[in-house]
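Labels A, B, C, D and E are assigned to the chains in the order they are written; within every chain, residues are numbered from 1.
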């Protein structure tokens, strides 16, 4: 049996680029083009896989001591489990020090260790996509570009009423949906100012009670939505919060029909979550030098801008975005900028240093949603139960808190 | 009540061009025991299958007890059948195999058990009631098939060579019982066999089939003694009838094998009219007697083969270049090469047309 | 070269307690035609299967051509077999079914085709060569099985009721051919049949089996005329031998059915010694002659049933309370209820011990 | 046994060690052997729901599939006109991967899918078939999709099995007064037993393994045990609890398989 | 009026009593019609989803977002399919998949068919445990084995090769192959096999020449499963390869996150080869020598 190569390259000496991003057909094609453009004469075999495979592949290769992966790239949370098995990238960080990474990013990149384990690769956030039809029901006095959660709920109610009781707001609460990021980075920071420490305080109760009201005015099919671009595209949903990359397809064909707006603000401010992806080099990687070269190449502003233009992920380095963006991306870029630069903005990070407990922590947020919104459980009781679980995880971990929780030696649930 | 009336049945198997039955008409009276005889492949099974409702005819009709059943499914015909291939259910023990039809008829348990015991006893299957068919000998399996059929008390009993794998003794016993059973129940029976003794001793009438058609239908002895045509004569009897080419002269003499005897009157008459008549002379082996050579009225012949059969001795004899079989008592001692005289029992001689092969009668 | 020597074969089927063959020993000379006869379930097929190597005996040995083959797999024995269940390959057309063994032997194509054509012609299968077995009649399928076996020119030919589903005529033809073939090839043949005419006319010797044992082995006429015991006499012959209870008096008279005739000398002698001897008298139906009542030397009897069989007429006769069968020529006209005199052919009378059932001879 | 040796060797070489380590994992913890994983598994809010759903689905689905597959096989055997085309179409779902199958049925049942399109076009109110708060319709949707996807498997096995049943037996049964249902029950089904047993065992074991369709249709709202295994393994990255779940699946599957083997034991051992 | 009457009388004269009872025929005809109706209903159920995939795969993206959805292809577009076909590794994946499918098929038949035969024919001690052993591997969700499995292949140097996937798929298919073939071998009469032995076949030859051909339907059924299973298997293929992906591993994983139109196109494209395979195998599922005889 003689196999045929399926990753474009991948002969002797090529760099196997394993990634959890850009796996959809078109995105993959576009990213391969980007790679070709910037990799120079380095042969790159781009292998996008889902997180499960990513894990299995890395885990088994590292365990067997036969690493064939040159670069392992993924979201921050994808990379966490392998923190200690990635190369120390201090030298690369030094080489790239002039590029202008934010301190937050560089801290994240240490994955809870002492030295950088990945080089930031892409970043993104979450915004709200609005079909212009929905503007009709926007409560008077509300500014669509500067919503409050109250406005948002009122708007959802008005829209539902106007559609004969059919809700038209949505959230990606499907099995692959990212709604837990909404609670972690948007809802809770906005209502409580924290993420972990405030998990079960009174403000959190308010927040979840609000969430229950909001859910009552959201399309119940949301519980199946993984990507909001589809229900948005076919009109099932008119207003939706999601990851920028998961909205873009709905918007880009007819940018004129759409608005992209920052997430709403709450009593404590406008919480928003930053998503970071990084490129790491597993220890024992066969083409380490080339991998380093490639990382450098992809960290150039041009490459980063190219990625934004093609696949809607924002640069992690100082880069002049310019004004020649495609329609949909331009909309997004505006919203992202507005969200980041809002005066009451509260930056939230995905959990830092949780290691392989990260998904379980996220699961706790989803459980809250499940219990409170779907099963109509008592808010207080639910938070107590899930909070206790979270507390026990945090106690065993012994890690410092991350934004927006106040920095401390050990992060605990209050 | 359960007479069978078959009219103009034609059947061609899909994918075959020959007619498996070609215009068969047959009336079987209620309670009659009809035996079907015929060479292998002549359509006996096919006919039975149509009566059973397992195949439908292309043309023609079948009615049982005055009710047309041509296209009625088998389960609605109240009949039972012994399949040539037995078709005993491999997944059921002998007991439940035999009981199958009764269970379908919802016969009460007690009666059912009585009947099964009776049939098993009759067919000497009692020791095997709790075996699966795979653990039986060929003959035992066949007996299961027979037992399954006779417990049914059906209006019509179809049996396709039910005893072919049984020994003569068992056959003899069973034959006698079967006749009793059938008479008691009044079942109309269609019975296929290759055993002519069986055919003769069991049947009220036999139907001899040939290539999908009925060649002769009649009382067994009639069929044996007065075959309707050469085929039947040649088919029935062991050994079959001898045929000799002959000629009836204008003068009324019968010339056979270069020798001449007297011809029966009706032949003499038509020979006189037509100026001589070639005929086929048929005579059975047991109707030829051995005499000393030269005895008046005998034909000169030479013995070629002597086969002792136990109950008799079969001679193959050369008669003026034609080979015929002669059966003599087992006490007669002849040896091959011996020259003998043959006397034909005049009353037993049959004549056939040389062209149509049909029997010539007065 | 290919004589078969069977020694003390014992075989019990798994899950059964009876012996299917019980200490069978049998020597078949090279080229000999041995017929196995016996009631259904007596172990004939089992014996054949062990000779073929399909089953292995629990005890005993089998050698073919001097080579011990008891545990040799079938394909190394150079034999061929007709299965009682035919076992034709349903997925192969008739042609390739017949050719199967030849293909396995790597016989050149031309010879193969010649042989297949020859066998098909012999068994009247030529028109069906391109059919699948499912499209054949029962008898045709059986003929395929026979054809497949005879093309093999094997050292040993095993045939398990090969003609059971064929008509008498075809059987007669084939029998003659088979005898020729076997003689030409010198195959040693073991042949199971229930047809006694077949047994008599084909065999060099017959082995009569009973409950897994060989009851008598010998020339067919001997077995017919001088059955070793009551079982054999009662089993062989159609109708089977009549048995009458009798007694040889001290004076040397044979008393049967209240009447008395002379006893053979050897019996008279031992009766004289022992002061009277109860015996079982065996006589075949064809060895009893009908005479007028009162003729000296005859026994008085009454005809009960008259069965015309075609070639003869079978009478069921009451002889002093015992029922016996008498076979008379079909020309004899008697009717039931008629009182007749019976003359026993003295030479054909056999005597059996009433206890051991064994034949008594001088 | 020379004939089964290769398969044993092959399976052992390939799966032996992974199985052992997989099983050990279920009992593995930071400090040696533990049953903590099972405790965590059982405490997960989705666990009992998933067990319940899985069992319910199997109990309802397997009979439906067998009846349907048998009916299909018998229909095909009756050789209606165009039976080869029917046969082909009925076997097609075999060729469709879980993912694709889930996808198609999603387009049927989703709020703006084909089913609602039909309802809308006849003037009826569209219905949220897959809504989390509508357990019955969600279950129906999963059931229909699974029946569609996996009945072909049983169908094809049964068709293959039917081929080896001589017609004689049914004919004999007919002659002895058995109507269609009697023949089916007393002759066809018993003779089909080996195929049915195989199909039943395979189908059940595979049914325990399916989740992709349910996942596609209902997301996390209709959890199935194997889906949970995947979630624990890839989503929550806890291989230990995933293994524990896997062991549960395996234990239940094996118990069922043993049950089937015992229940459908062939008494005659040599049926022909 | 009178005309009709004449017709009746002549008809009666042509067919003397008893009149052929055509009611059972009518009933049969009715049954045939019911049969057809049943077939058509089932066909609708089985084919509709396939039609919908095909429809969606060939519709433009816009058409998929309308409501109510159209059941007739009015927006025919191969755009998504084309994009799909042009993406990297599709051809290579196709070749790999076909290779994997065929080698898996062959290997699992070579190993599985004799074992199936043994299970059917010989009541060897430990037959039930053996069957359970086979099922064991199928009963454990394979995901939990993925890391040790991948490690195993990495250590033996088979990682990232078609052979690795073939081996895994064979192991996955074996239980099915063995069980299905054994159930059909049970239906092959013993005497036929014995006849083959008599006529000079070694046990192996008898198996190959007589038993196998008679079990063709079962072997075909097993083959279909094996091939289709291998064709659609993603997880194993994904963890055991990197650059030598099979087609489903190559695309199915990326499909999950692609826009709907692509998912349809991919789903549809992946079905086609399996359809072709079934098309060729299906005729073996019904035997060719007419009904089975005893």
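As a convention for this text, contacts are C-beta pairs under 8 Å (C-beta built on N, C-alpha and C of every residue); 3 or more make two chains touch, one makes a residue touch a chain.
Since the model is a prediction, treat every value here as computed from it, not as a measurement.
For the pair chain C and chain D, chains touching both partners: B, E.
Listed here as common contacts of chain A and chain B: D, E. Comparing the centres of all chains, each the average of its CA atoms, the largest separation from chain C belongs to A.
More inter-chain C-beta contacts link the pair D-E than the other of D-E and A-D. Chain-level centrality, scored on Cα centres against the all-protein Cα centre, points to E.
Distance between chain A and chain D, defined via averaged C-alpha coordinates, is recorded as 36 Å. Look at where the CA atoms of chain B average out and do the same for chain D: the two points lie 58 Å apart. Between the CA-based centres of chain B and chain E the separation comes to 52 Å, rounded to the whole angstrom. Of all residues in chain A, those touching 2 or more other chains are 50, 52, 226, 234-235, listed in ascending order.
In chain D, 112, 166, 168, 230, 233-234, 270-272 are the positions where the chain touches two or more neighbouring chains simultaneously. The multi-chain contact residues of chain B, meaning those touching 2 or more other chains, are 73, 85, 87, 135. Pairs of chains meeting the touch criterion: A-D, A-E, B-C, B-D, B-E, C-E, D-E. Within the complex formed with chain A, the residues of chain D that make contact are 45, 110-112, 128, 130-133, 215, 217-221, 230-231, 233-238. Interface residues of chain B facing chain E in the complex, by the touch rule stated above, are 5, 61, 63, 66-73, 85-87. Put simply, chain C touches chain B in their complex at residues 13, 15-16, 37-41, 45-46, 84-85, 124, 135-140, 143, 160-161, 164-172, 194-197, 200-201, 220-221, 224-225, 234-240, 284-286, 307-312, 314, 327, 329-331, 345.
Residues 18-22, 24-25, 28, 293-294 of chain E are the ones that touch chain B when the two sit in their complex.
Partner chain D is touched in their complex by these residues of chain E: 32, 35-36, 38-39, 42-43, 45-47, 49-50, 52-53, 56, 67-71, 111-112, 114-115, 117-120, 122-124, 128, 130-141, 143-145, 147-149, 152, 167-168, 170-171, 174-176, 178-180, 182-184, 186-190, 214-215, 217-218, 220-221, 224-225, 228, 231-232, 234, 248, 252, 255-256, 260, 263-264, 266-268, 270-271, 274-275, 277-279, 282-283, 285-287, 291-294.
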